[in-house]
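I have a structure here, written as structure tokens, and I will follow up with some questions on it.
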Amino acid sequence: MSTTLELRHGDEALTVALTIDGERIRGTVGDRPVEAERLSGGAPPYATAGAVVQEIAFASNGRTHRAVVARQPDRILVALGGRTYVFAAGDAAREVSAAGAGTGTIVAPMPGKVVAVLVEAGARVEHGQPVVVIEAMKMETTLVADVDGEVARIAIAAGDTVDGGVVLIEITPG
Amino acid sequence: MRRVLIANRGEIAVRIARACRAAGLECVAVASDADLGAPHTLAADRMVRIGPAPARESYLDPAALLEAARASGADAVHPGYGFLAENAAFARAVETAGLVWIGPPADAIATMGDKLAARAAAMAAGVPVVPGTETAAGDSARVAADAERVGYPLLVKAAAGGGGKGMRIVRHPGELSAALEAAAREAAGAFADDRVYLERLLERPRHVEIQVLADRHGAAVHLGERECSVQRRHQKIVEESPCPVMTPALREAMSTAALAAARAVGYVNAGTVEFLLDASGRFYFLEMNTRLQVEHPVTELVTGIDLVAEQLRIARGEPLGFSQADVRLAGHAIEVRLYAEDPQAGFLPSAGPLLAWQAPAGPGIRVDAGVAAGMTIPVDYDPMLAKIAAWGPDRATAIARLRAALGDTVALGPYTNLAFLADVLEHPAFRAGETHTGFVDEHLAGWRQPLPDLHEAALAAALAGTTTGVPAAASGSLEPVLPTPWERLGRWRLGT
Amino acid sequence: MRRVLIANRGEIAVRIARACRAAGLECVAVASDADLGAPHTLAADRMVRIGPAPARESYLDPAALLEAARASGADAVHPGYGFLAENAAFARAVETAGLVWIGPPADAIATMGDKLAARAAAMAAGVPVVPGTETAAGDSARVAADAERVGYPLLVKAAAGGGGKGMRIVRHPGELSAALEAAAREAAGAFADDRVYLERLLERPRHVEIQVLADRHGAAVHLGERECSVQRRHQKIVEESPCPVMTPALREAMSTAALAAARAVGYVNAGTVEFLLDASGRFYFLEMNTRLQVEHPVTELVTGIDLVAEQLRIARGEPLGFSQADVRLAGHAIEVRLYAEDPQAGFLPSAGPLLAWQAPAGPGIRVDAGVAAGMTIPVDYDPMLAKIAAWGPDRATAIARLRAALGDTVALGPYTNLAFLADVLEHPAFRAGETHTGFVDEHLAGWRQPLPDLHEAALAAALAGTTTGVPAAASGSLEPVLPTPWERLGRWRLGT
Amino acid sequence: MSTTLELRHGDEALTVALTIDGERIRGTVGDRPVEAERLSGGAPPYATAGAVVQEIAFASNGRTHRAVVARQPDRILVALGGRTYVFAAGDAAREVSAAGAGTGTIVAPMPGKVVAVLVEAGARVEHGQPVVVIEAMKMETTLVADVDGEVARIAIAAGDTVDGGVVLIEITPG
């Protein structure tokens, strides 16, 4: 059996192409050849909050690895050796990354309360300039402009309670 | 005392429930709507609902907690840390309701809870304090003059503060008014008290604190120190005992000062006196925390004394069962706090479903956790998931055990500081014991997670997709079976 | 020494892997076909397959283990306990292969592994032994005469024995020949050595053993005692340190005897000298176990000394890093062994899938486990699932913590002795420290599990059936999805 | 919603009849009335080895209970407070228990090796008399007759390796 999975970690695209014959695995991860042996064992898989969680054990280059993998529709989280690797998967992996470039859309990183809006509509802002203060999980956090540009829209006011992911401020880059 | 209401949540509520059970006491958990069925509610014998998710309508609501105690027949209240633990009015209300307050006298809480009053009390007891203003910051002209006298860099601190809330660093006079405003606003929101004051910012101090225990019969002992210098956002993330640079003479001096401060306010029960220790070995009173400390396990690991069990005994009016000479410090213990937060984004708190959780184990390892796989980390509370501690006969062994334990820990879902903590433990300066409150900024600014096993992780991700018999979605309701995640994941199905 | 082969499985292999990692050593697990992917294989850095499930074709196969060491580049072998740990020929073969043997010299193993030679060595060193025959049992007429001389009741014991295998109690002369035959058969099967001998059966003795550590430079210390009187089928199930009736004078006498026995055979590394202690305070050498003991965690908990780390250091040729005066016993530790067995059916071993496994946690709790939910407990090996231990400042606290921890433990699938162990801890005679090797027979014969929460358990069973979105069967293969257990459970579907 | 479950624990039949309204539960367990509140939480359910494993939390009579429940086709295992409760369920719960009476059929309790057969075909045996010695999981175990009667059949010989559940000896009661 063969399988191909397109992943992206940060800006790095990683295509995993494997041929699986029982517990024997051969193929490539990115541009590296890989040879591994799948090991049984580990806790039974389960589903929670839209994710499938599995323990995956394998030996590769003589070393044993035990990972916990949570698959969600657009990303795969892997816990391995005390570190978490977050991969975009599927369509999300194929999208050209805009990370680092900035979009000018400032969203609430999580549900919280808007403490202060530090800019006005129409104002020019610089990359890194504080634009809004939000209190979430008992901490005040300052959100900064991710582009140079002009404030096109302020969607909230101080005192508002907002959900995570909600657009707070839009900045037209330029 | 027969049945204890635990007026808290998370790991500390679990830990208190265990202490109650070991002491033969029943215990009652309280739960906001966000915490129904959370681990702390299942660790207790009983559970009472106390209100909606927001803390001020549940864990910060004295009336709801007193009603929970009444309804459950509790005859004592343990406040844990945070929430109402250092609220003198709540302590009084508990005692007025005829319940035992498992903590210090309300007056001691009130004095030490007001940083200005605490500084005054410490000075009166002959305990050195950090140079600063002894009155609340008033009009801006006077504050500017005070600031010049204190000297830059300085700290603006909330009189009612704690845990870094309502605190700002000011390096230049031009930043002063903005810092005062921000600190006052944060303090007003967090403590309903916007008084702030100024304190000299010491350069590269260590945070060292002394654990004290005092009974109702006048006996008081200390249980040695904890060093808690490694902090981010002014909150501790790594704590250890003993302090790597402690000497017998310094310990004697600091613990004498700590006990003097405690006696000055008529302290009873467990408390912690915090000091800053500078490179020359001088130390300064910072504040007294009038409750159980988050990092109490490291003291338990080196002394063998169960602080919560002692709190229960003291609250029952029993005398301390040991003297200062009986307290021996053995070996070395280090604790890290596992937070749901993103160390690559300014330690921004994170929340959401905890998809997987596996605690480490092994000789000398202690885990205090308040989470379980499948639960949602609420946005409403402090995002600490667990405390992971290791004891060893020496500091190097404790570090090695703790580092290995972090490698065995799994917490998937929210961002966590797990890999960051591992890198703190790996850092040569930490290994050398060269810690101070600026450690994270000095050594780990701009930290990015190393990716030593990226290819192995990608392989694991791919292998996870090659199992066909995946579990279907599970739900607690009686609705029709949900589409399986497998179906929803169809876009990246296997080729053949 | 850079890479250690762990020639064992289960919890002890996990524990050794952790010690290697903390010491900065790589480690290699070995796995029979029944153990591929078992927790011990995932705790190590590497894994090597060593053969089919039956122990004699894998964990008891010296050639397979040596080949595994060679193939994986290991330069040292830790044998754990059981299997080949006390096999002198294997120890020699390891050293002949140029590998470090993390254990005592082969000659010491050989002498102490032969109970008759061990008794002779002990007597020569002035250590009191249990009255018995000093030669192997021969023809039946002579044996009958020997038995009369030793006196009834007596024990038939395998010269090569250990762990209760090849042992039989004989209360009347008429039972002697059947017991000899059974013991010899069991001994031949277990040890390939059918020699048996007779030993006086002491009435209600305590089993008390001394832990010793000796380096290659002539230094030897003891780490206090463990009492392991609570046994079933002549195998320990509850162990503690210190012994509840120990006195300083008795500890001094027993440890002096233990060190004399160890020195008599040129002992190096960790070992345990077992004694029987009678009600009058007299003690008798029973045997010396020339390896790490199952119950070593209780010693680690009261001394703070990591026995496996010390084994590694001693094997590297390092001198002991401490003297007898540095060894302090603090507090009290108790361990129980969680077995897959049915205490209501003569402790018959049990096996099969472990459907659920949850280890307890909390202050002072240590769990050494070698199992995971979803794995199958093989029929081929000892059915111990885990060791659960608690430390406390005193015995009562240790008992209370351990009892609470057992209440939090979940092990579903095979029968287990979990509830039985809880009832041992609850028993007034145990709480009073009145333990002896007949404790289980005297106090818990015919034990039936109490059913205090039967109705709550039935309610839980019913509620489990009212969740619709149950997980489908999960399989590691690529076959079509199996029918879900839910479908197969359709006969007792919900009414509406 | 209503649900009825017939269970048997040892010789005791226990019918659980519940009416469930959201998290409120009322009904009877055996002849006892029960009122409870279902609590959310607990680890996600999973399936392993033909069993569905769930954590079930509820409050009843003011007390909180957390159980782990494993459902198999014919039995339900419940871990509660450090004790395991084994219920027969479904058809198995309705079968009249023959436990204690003895059937005369001696089966291997688990896979193992037959060490010795202690009786001969046609011999009379008494309840409790040792009939076969089996070695499994490193222990010799002696199996005894569960009835008085006559040995009708000996299906194995010393040295045989047997699977768990295999009939070793049949005794005709009488």
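We just call them A, B, C and D in the order they show up, numbering each chain from 1.
What we mean here is this: a contact is a pair of C-beta atoms (placed from the backbone, for glycine too) under 8 Å apart; a residue touches a chain by one contact, two chains touch by 3 or more.
This structure is a prediction, so every number in the text was calculated from the model and none was measured.
Across C-D and A-C, the chain pair carrying more C-beta contacts is C-D.
One finds 28 Å separating the Cα centroids of chain C and chain D. Taking each chain's centre as the mean of its C-alpha atoms, chain B lies 47 Å from chain D.
Counting partners per residue, chain A has 1, 43-48, 53 as the residues that reach two or more other chains.
In chain B, the residues touching two or more other chains are 373-374, 466-467, 470-474, 476, 478, 484. Chain-to-chain contact here is organised exhaustively, every possible pair of chains being in touch. For chain A in complex with chain D, the touching residues are 43-48, 53. Within the complex, the chain B residues that touch chain D are 29, 36-39, 41-42, 44-47, 72, 372-375, 471, 474, 476, 478. Chain B makes touch with chain A in their complex at residues 165, 182, 185-186, 189-190, 233, 345-346, 348-353, 355-356, 358, 373-374, 376, 379-383, 406-413, 415-416, 418-419, 422, 449-467, 470-474, 484-486, 488-489, 491-492, 494-496. Here chain D touches chain B in the complex through residues 1, 39-47, 57, 59, 62-64, 66, going by the rule given at the top. Listing the residues of chain D that touch chain C in their complex gives 1-7, 9, 12, 14, 16, 18, 20, 25, 29-30, 32, 34, 36, 38, 44-54, 56, 58, 60, 65, 67-73, 76-85, 87, 89-91, 109-112, 115-116, 135-141, 164.
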